[in-house]
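Take a look at this one; I'll ask things after.
Which chain is which? They are A, B, C, D, E and F, in the order written, and residues in each are numbered from 1.
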Amino acid sequence: MSILHTVNKSPFVNNSLASCLRLAAQGDGILLIEDGVYGGLNHTGFTPELEQALANFTLYVLQPDLAARGIVNQAHPKVQQIDYAGFVDLTVFYTNVQAWF
Amino acid sequence: MSILHTVNKSPFVNNSLASCLRLAAQGDGILLIEDGVYGGLNHTGFTPELEQALANFTLYVLQPDLAARGIVNQAHPKVQQIDYAGFVDLTVFYTNVQAWF
Amino acid sequence: MKKILFIQRRSPYGTGFAKEALDAILMASAFEQEISLVFTDDGVWQLKNQQDTKTLGIKNFSPTFKALELYEVKQIYVEQMALEQRGLQIEDLIIPVTVLATAELRQLIQQHDVILSF
Amino acid sequence: MKKILFIQRRSPYGTGFAKEALDAILMASAFEQEISLVFTDDGVWQLKNQQDTKTLGIKNFSPTFKALELYEVKQIYVEQMALEQRGLQIEDLIIPVTVLATAELRQLIQQHDVILSF
Amino acid sequence: MKFAILINSAPFSHQASDTAYQFCQAALNKGHLIHRVFFYHDAVYIGSSLMCPPQDEPNITVHWQNLAKQHGFDLAICIAAALRRGVLNEQEAKRYGKSSANLAAEFKIVGLGQLVEACLTADRLMVFGG
Amino acid sequence: MKFAILINSAPFSHQASDTAYQFCQAALNKGHLIHRVFFYHDAVYIGSSLMCPPQDEPNITVHWQNLAKQHGFDLAICIAAALRRGVLNEQEAKRYGKSSANLAAEFKIVGLGQLVEACLTADRLMVFGG
């Protein structure tokens, strides 16, 4: 039993990712989509929190959303970049899904 | 010349009030409306920031929005409670208005 | 039978989510599944007592929470930290709830089959 | 003549605000007023270069910012702190901008007659 | 004082349109003028004639219609935002080959220039946002 | 795997409906099933037949229609949310005395029970939020 959490809000604006990180359980997966992908970057003010999260969770980021925003190269190296097919696979791999928005 | 800033988002969720407090100028007025009224309360995790703001700005809160949310009694004593007529008066008193949402 | 969890994270009135989520909860209660409700973040404001929307001219839907018991929705949880951050105590809420520490809520979420968050 | 300030605080694509705000800026430029643009908070992401929306199947509107000069919109400001928090430098932006310290931006806002924020 | 009003949010989903309405009512009660209410972004949905709110909920469209009729100000809906979202008058419905229009009475579909004009004409612009 | 999809956000104003569409397409390409797509809150606007997006923008309503027809799943719009916001089929338009309906083909107006049923039937519920 473990959950895939999806987060679609920017951590610079909104508390959704912070709440997700507080309430996700060790071993859960967290997928950043839409404006949530801004939480998966290196060298930002949020990066220290991201790196703390990487100790407890597997972090994924939707690559098409990074590309649209021009930030593929800024993505944190330890966050796994996936496409929509990979998104579908994750929802099968994990036993439940929770959306944070 | 001074500005009335309106803020309609909860500071527990969203950075709008934080941005307003950063970019408002000494002497400006800040009116909390809709979910923004949660920023005008006493004894919350946000109260220390509110009290800091009170040193630089005049803070107002829309009373009907407090009442709807059941928090009239929780409002900070140094935040002025106004009704819609008072809201209109403030937009006349200040020389410009900026909305944060 | 499935265990369904509703997670309420939005304040009332500022957006329409809280009201329409409540409609969904009442509907789900008719399906005789095991339903739990969690209020956290600004969602705890939904349960604040003394709500009075007369001046706003919009509907006060908070009394509907009192009907949840009639609909056999009895597992209602609030995250302690969310209350504390907002200066709220359980006496300020319109219905009796079970207060959970963050770690307990984290466990509770894992025990459900379907999670509907609003 | 009025001095009009547009303040852009939203990221592109996640919501429709950024795109429709840009339409409003272009329209305002036709009225021969003095127009200034400020990008702060997540609004600075609107100017990020290398945007590529092909896989999303939605329109990349960032090239339109390059047309602002033709529309005589030349006062374009970015808050330094917003860039820094996001790991961005002016070389990462699609158009040249003037970078302002927070105190300078605070002053700039006071100097306008109309403020349109999105 | 002459006010221009910009509303950015959908009805029901956001309180902003209700707040804007209450503000306008209070301003008019005090003898101020409303030059124009401009509906942009998701606020264009407020101009739909097809809304059927429950009996115990206010009908914001009717509220605006009554206030505008009584005080003679514009209810202006941005054409680009409205076309995208499917709020159409007869003329636009015909132009785009749609079988019907759904723009409520008293509302007008106008260009974005009317927002800028309102900003230039009014003493204050009030933005009620999303 | 059998998926139930819940969409909560308006088209254009939020990316959520685009993400949901891309997700469904990818899931179907992998041989999974979509049991039902349920449109709630402002997502009911996606079922409007009157949207006229610019030529260079996708028409999300048409995208959903095509995908649903091809793969035989439900496009279900919550009746209470739709009535409030003015998305009506012929029957509801008549019931409420409106001159026209605006529900797009392939979309159905249903009760909220269909959302619960979808949650109980599917292996996974995917929520695309506002």
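Just so it is clear, a contact is a pair of C-beta atoms (placed from the backbone, for glycine too) under 8 Å apart; a residue touches a chain by one contact, two chains touch by 3 or more.
What you see is a predicted model; the values in this text were computed from it and never measured.
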Chains contacting each of chain A and chain D, listed by label: B, F
Shortest chain-hopping distance from chain C out to chain D: 2
Chain pair with the higher count of C-beta pairs in contact (A-C, B-E): B-E
Degree value of the rotation bringing chain E onto chain F, based on Cα positions, nearest 5: 180
Between chain F and chain D, distance of the C-alpha-averaged centres to the nearest whole Å: 33
Centre-of-Cα separation between chain F and chain A, whole angstrom: 26
Chain B and chain C, separation of their C-alpha mean positions in angstrom: 27
Interface hub residues of chain A, defined as touching at least two other chains: 8, 12-13, 15, 34-35, 64, 83, 96-97, 99-101
Residues of chain E engaged with two or more neighbouring chains: 8, 12-13, 15, 22, 41, 57, 80, 125, 127, 129-130
Of all residues in chain D, the ones touching two or more other chains: 13-17, 41, 56, 58, 114-115, 117
Arrangement of touching chains [line / ring / star / complete / other]: other
Every chain pair in contact, whichever chains are involved: A-B, A-C, A-D, A-F, B-C, B-D, B-E, C-E, C-F, D-E, D-F, E-F
Chain F partner contacts - residues on chain C that touch it in the complex: 2, 4, 15-17, 20, 23-24, 27-28, 30-31, 33, 114-118
Complex contact set, residues of chain D against chain F: 13-17, 56-59
Chain E residues within the chain D interface of the complex: 6, 8, 40-41, 80-81, 111-113, 115-117, 119-120, 125, 127, 129-130
Chain E - residues contacting chain F, complex: 10-13, 41-42, 45, 48-54, 57, 80, 83-88, 92-93, 96, 98-102, 130
Complex contacts: residues of chain F adjacent to chain A: 1, 3, 8, 15-16, 19, 22-23, 25-27, 29-30, 32, 124-130
